[in-house]
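Everything below concerns the one structure shown next.
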């Protein structure tokens, strides 16, 4: 079974900034992304919990985006520019996929 | 601390097809899997949001399965056959674990 | 764009033990962690579903923690000691980050 | 009451106004949203409330032979409407066989929230319907799925790897069907006195919670409309409005020989005219994964449901009054 | 009323019927489910409603010396039942010491939804209970956890790395205990007049929301039963039915000297007979992580709870009538 | 009634007691929590209930010229309070310009749950307020955000990459604003008769659900307080208590020329004195991402909201009685 190497971007970002991030990914013409909830966490700004919150100001989400290595750098730079002034974590890792032409 | 190399399958798949996928993983005798919610996303079929949905027809979930490299190919092929006609993303990456005999 | 290599710990652990795990991560002075919900799964103890549960005794969560490679071993050992007697999965993988000094 | 009066009264009721608020908010791209857990709970609540109400009515009125007639008529409609819908879609639109079969399934089945809104309309004009119409609704949920699957298999032999048996199991044990049927029998067994202590929740709050549910439906429908352009052309939109009228007309004709009350007739027409948006889409993702969900969801939720809710319901009531009045 | 009448009336009440619907749906492998957020909210609501009701009663009736007696008796039961349960489990079944201790903790503590169902049964037959029974319920939640931990430590010295103090903190600040106690005091402080404006929510909707909660409990219990075969043998099932009877009998005997009303006696027996399914399982995962949760959850939720709900409650009422009637 | 009577009656009402229960549970580190989905739903429900109520009142009383006056006064307050708050913060505290601007935005905008609690207080003492105060509340939500953004831009030119137009769109289409305004118009259009069938949900349950919402607010506020030490110093805490008093006093003075009833005056003061905790924090994360959220959330939710709820409301009522009594 042939596999292809891709990059997996994982961005933990504040809920209110999620729309903006997705707009940037769309503008970079990535083939897609998935958003996973984050229910609590801790960082330089201290710990937080989603439970009971009525404002989404403090919540975070995790955006996962599989991109082709040829485009990874471009996407990363655009994403980095957006997340840089914000509470956010951006990691990149290597994954393999079967349907290489999809990404 | 000794670690062992394993494979991490990450499958983003439609909510209604989740049971079917888990049945295939069970049939492949994987030692386990975990299902993580996906709350929104975008792809070839356009963007979607879980919020407010009463039908689960459009939602996606992420199934994560740690398998032994010796079995990874077999599991991947079985999974691929199932996800191939569906809206789904399948990625494989390398991870290390401590309790090697568990997987 | 310069990137730095870090370690990504991914721990699937029982909901009631989550506070304890986070306390250990805090004690290890990691720079942060994020907790992602798990809605169902299967393992040696059989399958489980979060739906409808009123007790959180059976649910699991996934704790993700990006750490510096220099500290990874220490953190892993502390985490391992805590998860060892419990239902839990601990995996480590390699990721790259842009803001290296953050972790 | 004339159709115009009925339509106006309907359009100005909070139930419809909240739906329109939802549609407007979605089109204006507001971030208003109802948590998924709450939306699913409200859907369940409506099923329980409708089921209980029907069961209590049957406990009060007893069973009549009309029941059997109505159930059989419902079964027949659910099986046959997909055939008609499929033929129309293939003749009139450019949908592929698979997509057409998937859409057809939705129109043979029913929409519980349209039923709830119909009961609310009847309530507002002071009419009631036969309690067993809930049983008719329940039997109409599933056959359309089977019917559509058979159509799809004939057109595209490799369309589906799901066996009919698996699908039948899946569809008849669908959570919303079970809740509706279960609550119906509970209402019947417990009777008016047994159900009374739970009526503050299941009767008094019905309309209020229906408003919130319809706000949510409006949001979802409005967001669906945003992508309608990509997936629907004018002919499909026309189908989404004409199909309920045709199916409703067939049901109206069938009802002539069935001895239903005005309210019962309106409910029967509504069931035929409504298109599923919970159970059938999920079943289609399993049975016909290659059919495009955006097509059938947008049609059912973005075109047919709003039409039925705003203009359809008063029309069906006017028709029922004409036929049985 | 005879036990048979009581049992039949109970089995045909919507509350129990919805529970059975849930069990049936789960066994038939329906995909019916209640979102976790809603289930947790309903559990919280029941606590608030029970607490307020109890507090208002105390505000109306004032405190009587029986209160102290009942609280002390409850404390004693919660501490001692685990000892008895542990001894029985080790003698009769093949459970390991750890698993037996963990199961024992559940039976010493109480189940709030069983209490809610008991209040519903009393309501149905037109009886009331002492308001302070809520306080008794609250004090019975935690001691069993400590008791079981001490047993486990003695049997398997390395069983737990949690200190008793940590656990005591954890258990007494458990969300459900806090809600129950808090609402009790709020009801007491605000009194009948203060609580009246909130009674449409906390009184009128009580039974309806209890139905939905029990539908959910039925689903969870039914799903648990699917794995019962793997974890429970006949002796464990027998334990799950006999233990509540034995604990209930002890409570019945204790109640003889306590001057409780019929309703209060039934509630006291029910508290003793019921097994925890929210607070204790979570505490056991922390304190005794190596005990198998499938065993104690299946026993408490899949065996003891259904037994109490269907046959136990009418039995405890009949017993209370016999003792105090 | 004297201020003391009012304050005591307020403190002993279930609504405030449940808030205090939540604060206590959070400080004691209980694991009590309300699922996020439920909390969001309750926030939405309060908006719908308040909006409908206001709309129905307007339908009953008709529009008066005071409406326009009150709306204009509200607009002005929402625009100007941030200027005042910013100046005070920069003069009195060590907050950076960005943080001060972000905090200022919260005080210009309003808190719907404080409004809900104010309506509850009026209800308890048998007073009502002008229905259109809901419209005033709605127009006060957004301008403060724009005002604060302009301040921040002037102080730190690169503070925000969001254009004013984007932000205006974002803020005015905020879900809670849309719900409040939408429900207001629905109440107005449907009128008393149209809204009656939904009043079991939106009127009868209002206070009960407010209790649960306030329990949740208490938990969130209490958890926020835990980190107050890190982010707030004494001067900031003083600001969180004095700012509502100052803003309320300004509103009181303005109300003198406005012909409002006692209830309306109290509501107007409350709107000015309350600080936003849903819409503004989210907008600030978008517009001024480098401002520290822990500061403005802790101030608004942990200091100003509890102050308003416990002592502020009776004070504002006493003031309104003095001015218009």
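Order as written gives the chain letters A, B, C, D, E and F; numbering starts at 1 within each chain.
In this text, a contact is a pair of C-beta atoms (placed from the backbone, for glycine too) under 8 Å apart; a residue touches a chain by one contact, two chains touch by 3 or more.
Fair warning: this is a prediction, and the values are worked out from it, not measured in the lab.
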Co-neighbours of chain F and chain A - touch as defined: none
Maximum centroid distance from chain D, chain identifier (CA atoms): C
Size of the rotation, in steps of 5 degrees, that lays the CA trace of chain D over chain F: 120
Chain A and chain E, separation of their C-alpha mean positions in angstrom: 45
Geometric centre distance via CA averages, chain E-chain B, whole Å: 39
Inter-centroid spacing, chain E versus chain C (mean Cα positions, whole Å): 34
Multi-chain contact sites of chain A, meaning residues that touch two or more partners: 36-37, 93
Residues of chain D engaged with two or more neighbouring chains: 33-38, 40, 200, 205
Chains touching one another, given as label pairs in label order: A-B, A-C, A-F, B-C, B-D, C-E, D-E, D-F, E-F
Chain E-facing residues of chain F, complex: 12-14, 17-18, 21, 24-25, 28-38, 123-124, 200, 204-205, 207-209, 211-212, 215
Of all residues in chain B, those that touch chain D in their complex: 14-17, 20, 45-46, 49-58, 85-87
Residues of chain C defined as touching chain B within the complex: 10, 12, 36-44, 47, 60, 62, 73, 76-77, 80, 89-93
Touching residues on chain E, where the partner in the complex is chain F: 35-38, 40-41, 44-45, 48, 52, 169-170, 173-176, 178-179, 182-183, 185-186, 189-190, 194-195, 197-202, 205
Interfacial residue positions of chain E with respect to chain C in the complex: 33-36, 39-40, 42-43, 216-217, 219-220, 223, 227, 230, 277-279, 281-286, 289-290, 292-294, 297
